[in-house]
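Before anything else, here is the set of structures, which you'll find just below.
Each of the next two complexes has chain A plus one more chain, namely chain B in the first and chain C in the second.
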Partner chain A sequence: MIATGIPKLDDYLHGGVPIGETLVYYAHPGVEGAVFGMQSLFHALSTGISGVYVASSTEPRRIREQLGEFGWDVDAYGDRFAIIDAFSGLIGADSHERYVVADPGDVRSLTQCIHNAMEDLREPGVLVFESLSTIMDLCGESETLDAIEEWNQYAMLYDHVMIYNFTAWPYSDDTLLSIKENICDSTVSVGGIVGDVIFGQYFGVLKANWTDVVRKYILFKVLKPGGVRAYIPKILVTGPFDAGKSTFVHALSTRAVSVDRFGTTIALDHGHVDHKGFAADIFGTPGQERFDPIIKLLSGEAMGVFLVLDSTRSEDFARGKQMLEITRSFGLPVVIVANKQDCDGALTPENIRDKLDMPENILIMPAVATTGEGVFEAFETLIDMVTGV
Partner chain B sequence: MTYKLGISRLDELIGDIKSGTNIMMIGPPISRKDDITNIIAHQGLLDANAVVIVSTREPGNNVLEWFERYDSDVPVDRIGIVDCVTRTLGFGASDTDNIKMASSPVDLTGIGVKISQFLEHFWMEMQLRETRLCINSLSTILMYSNLQTVFRFLHVFTGRMKAANALGIYVIEEGMHDEKTIVTLKQLFDGMIEIRGSEEGYQIRAVGFTPKPTPWFDYEVDGTNIVLRG
Partner chain C sequence: MLGKVLADLGKIGDVEASAVATRDGLLMNADMHNMGDPEMFVAMSATMLGAAETATTELNKGIPNRVIVESDNGKLICMGSGPKALLVVMTAPEAGLGLVLVEMVKATEKIGKLI
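Right after this comes the complex of A and B.
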């Protein structure tokens, strides 16, 4: 298996792409699809695998800059990295790359280079295509489709993995269908939530021949540096007054703000988390009962909930449970954080479960928000529940 | 929601342009199409629109300077430029708030992403509901990609302009393309701004907005103004 390095995607693909097989990132126009191929390339290189990038719409020097903007220094991998330059020939520029396509408009010329690169490449290696659509535009749809089949066969022969970026411009239905469903072993759709403008991007596996498809879509953001981050737009942190909600939000966040009005009468926390390929926005809710309508409101679009409890204050548990009911009526995944475990008299998660009379399937995790202990474990657990398998 | 070109006589004759309109501007070289495009964009700024300009011949900085030169109060936060030139000249410039770098005019995928990002930014973060997109020019893009490829690209983006109730302006160099290219592309547009040479200089008219084309007008460009005569 060669992992794609895209957060969550490797879980959905059960580890990545098997040697000899192929994957296409099928991107809708206007959505940041190209970064997926780049990230997979860099991930392979960084895990000791060889990689070749097929440049078809960007100058090689510029590609290195683009990778650099994400923090991916590919040249550090020396001989394990190469570019097939199918661009310079197009604009009549010189090229210093190991493989240069003499006539980018002729798909046979490209096939020759790909063949050479595959022979040279230490297996298993990964070949990533900057843009299959550009190649198709230059060489013709059916010519390119035929060539892809040939390349994919080479991949099988030489034990490599092929990864294509493809932008789904309005080609003929047959062409689109064959890229989407037939020509590769797996297809990952990279799309945009389209309203009046595109205002959110997602990806999901459409097909993978080697495993059952997990039909889940993941929102994503692209960070520079960093690359693709699975994005959870809204996670709530709720719980009784003084349980440690604000402290918990700050412990998780790279950036956080707390708004305190009139002392502690109303307090709202907002933080950005960036952790292990996941980006999330988390919102703390006020604890007092009269703000329950606010919790309801906030729960509407939330994707998951933390219920923070002060483990020393069993008298507040009933209130905690009540707040949980408010959000649970929305069917959201929940993790209960048994906070202040460092304090004398803190109950264990199991004690708390008994007192709350919580069923086994609700997770209760120990934490000390002031030191950060346990907070990321709780985060990872909730993210797993939100994103599924 | 309607738009004005900012070309007074033409605006009077054709009336308000309805949202979601895509317009081709075609004319000979040195007829100051760049200025006219910028003037139409500038009218957008005056009308509180967001403006996205795809520049294939002038570096993004020059385009921005045009606005700053002729309008000291220009609201730069409502301008987004997709620069397809600077990188091809070999400069390693990076993106700014106003200028996003595309790798080259070949990279339609990348250009499309940058346009979409500006549209999202203006729509979501600035809550602007009226947008103009100016692509200056399609002719450069057609030098690098074949007609069908460019047609597909435009099919997507003229559609997006409709969906977003925006105004799209697409500039074409007269005399650089065969008849088939022009006829093919015309299908995508709701109207045209035509420019032609005359003894005096150049003339402009609007076609497709009213049952008959407007008359031809001589014109003179002066900063952010265009004065029509005749």
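Right after this comes the complex of A and C.
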């Protein structure tokens, strides 16, 4: 297996792409699709695998710059990284890359280079195509489709993995269908959400020959540096007065702001989390009842909820439960955070479950927000519930 | 599409930043010229508008047309745009509010139709 390095995708694919098999990132026009292939390439290199990048629409120098913008220094891997330059020939520029396609308009010339690279590459290696679409534009649709079949056979013979970036421009229906469903062992769709309330980008597995397909779409964001992050636009943090919600938000966040007066939140806490391939925006609500209208206002469209409780104050638990109702959280993934576990008289999560009368399937996790203990465990648990496998 | 509406607003003199968000504070589009964190900016604006609406309706004065915040370094105007969205604009301190408000009303109508 060669992992793709895209958060969550490797879980859905059961570890990545098996040796000798192929994957296509099928991107709709206008979304940031090219970064997926680059991230897979860099991930392979960083885990000790050799990688070749087939540059067909950008100068190799500019590709190294693009990779650098994401913080991916590919040249540090020396011989394990190479570029097949199928671009410089187009503009008549000199090229110093290891493989240079003499005539990018002739697909056989490219096939020859790919064959050479595969022979040289220590197996298992990964070949990543910057853009199948530009190859198709230059060499013709049916010629390219035939060539892809040939390349995929080489991949099988030489024990490499092929990863293609493809942008679904208006090619013929047969071509699009063939790329989407037939020609590769797996297809990952990369699309954009338009017209709905959240404007964003998502990816999801359409097909994978080696495992059952998980029908789940993941929102993503592209960070520079960083690359593709699975993105959760809203996670709500709610709970009774003085439970430690703001402290929890700040403990999780790489940067956060709070609107508070006299030590209590009056409007909201807002924070960005960037953790293990996941990016999320966190909204913390006030706790006091007089702010309930604001809680209602802010809680729409949350994808997951933390209910933070002060483990020493069982008299507030009923209010906590009521807040789940106010935020209309039932049905959403919820993790209850049993905060202030370091204080005298703190109840254990099991005791809290009894007092709250919560069913077994609602998770209650211990935490100390002031020191950050248990905070990321709770985050990872909620993320797993939101993204589900 | 939303980007076009915001870009048009940006052409008015003294408009420095603008953004469209859902009423519950999720960013839909922003034209911020690197002035700050758009996600946080719209979350706070949504809270402000929501709080203002709650405050006035509590006293049976209906829903406010807009919230205007004036500071020495700029003016911030936030208004609803249909039932689901809101528009927020940050201007230079010397900006004339008249023109900005007229253009914002036009923009909110367009946004309302787009969503």
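Side notes on the structure shown:
Convention: the second predicted complex is superposed on the first by the 364 of 389 C-alpha atoms of A that agree within 3 Å, B and C clash if a C-alpha of one lies under 4 Å from a C-alpha of the other, contacts with A are read in each partner's own complex, and residues count from 1 in each chain.
Convention: a residue touches a chain if its C-beta (ideal position, glycine included) is under 8 Å from a C-beta of that chain, and two chains touch if they have at least 3 such contacts.
Only a predicted model underlies this, so the values are computations on that prediction, with no experimental measurement involved.
With both structures placed on the common chain, the touch criterion links A:300 to chain C but leaves chain B unconnected. In the superposition on chain A, contact is made by A:34 with chain B only, not with chain C.
Residue contacts after overlaying the shared chain place A:57 against chain B, while chain C stays out of touching range. Comparing chain C and chain B on the residues of chain A they touch gives the larger count to B. In the superposition on chain A, A:171 makes contact with chain B only, while chain C stays out of contact range. In the overlay built on the shared chain, the residue A:69 is in contact with chain B alone; chain C does not reach it. Note: residues 197-199 of chain A belong to the chain B contact set and to the chain C contact set alike, using the contact criterion stated above.
Only residues 197-199, 233-234, 255, 257, 259, 267-268, 270, 272, 281, 283, 293-294, 297-301 of chain A touch chain C when the two sit together in their complex. Touching chain A in their complex are the following residues of chain C: 2, 22-26, 28-29, 37, 39-40, 43-44, 46-48, 50-51, 54, 84, 115.
Residue ranges on chain B touching chain A, taken from their complex, read 87-88, 92, 94, 103-104, 106-110, 112-113, 115-116, 119-120, 123-124, 144-146, 148-149, 152-153, 155-156, 160, 163-165. On the chain A side of its complex with chain B, the touching residues are 27, 29-34, 57-59, 62, 65-66, 69, 87, 90-91, 131, 133-134, 137-138, 167, 169-171, 192, 194, 196-199.
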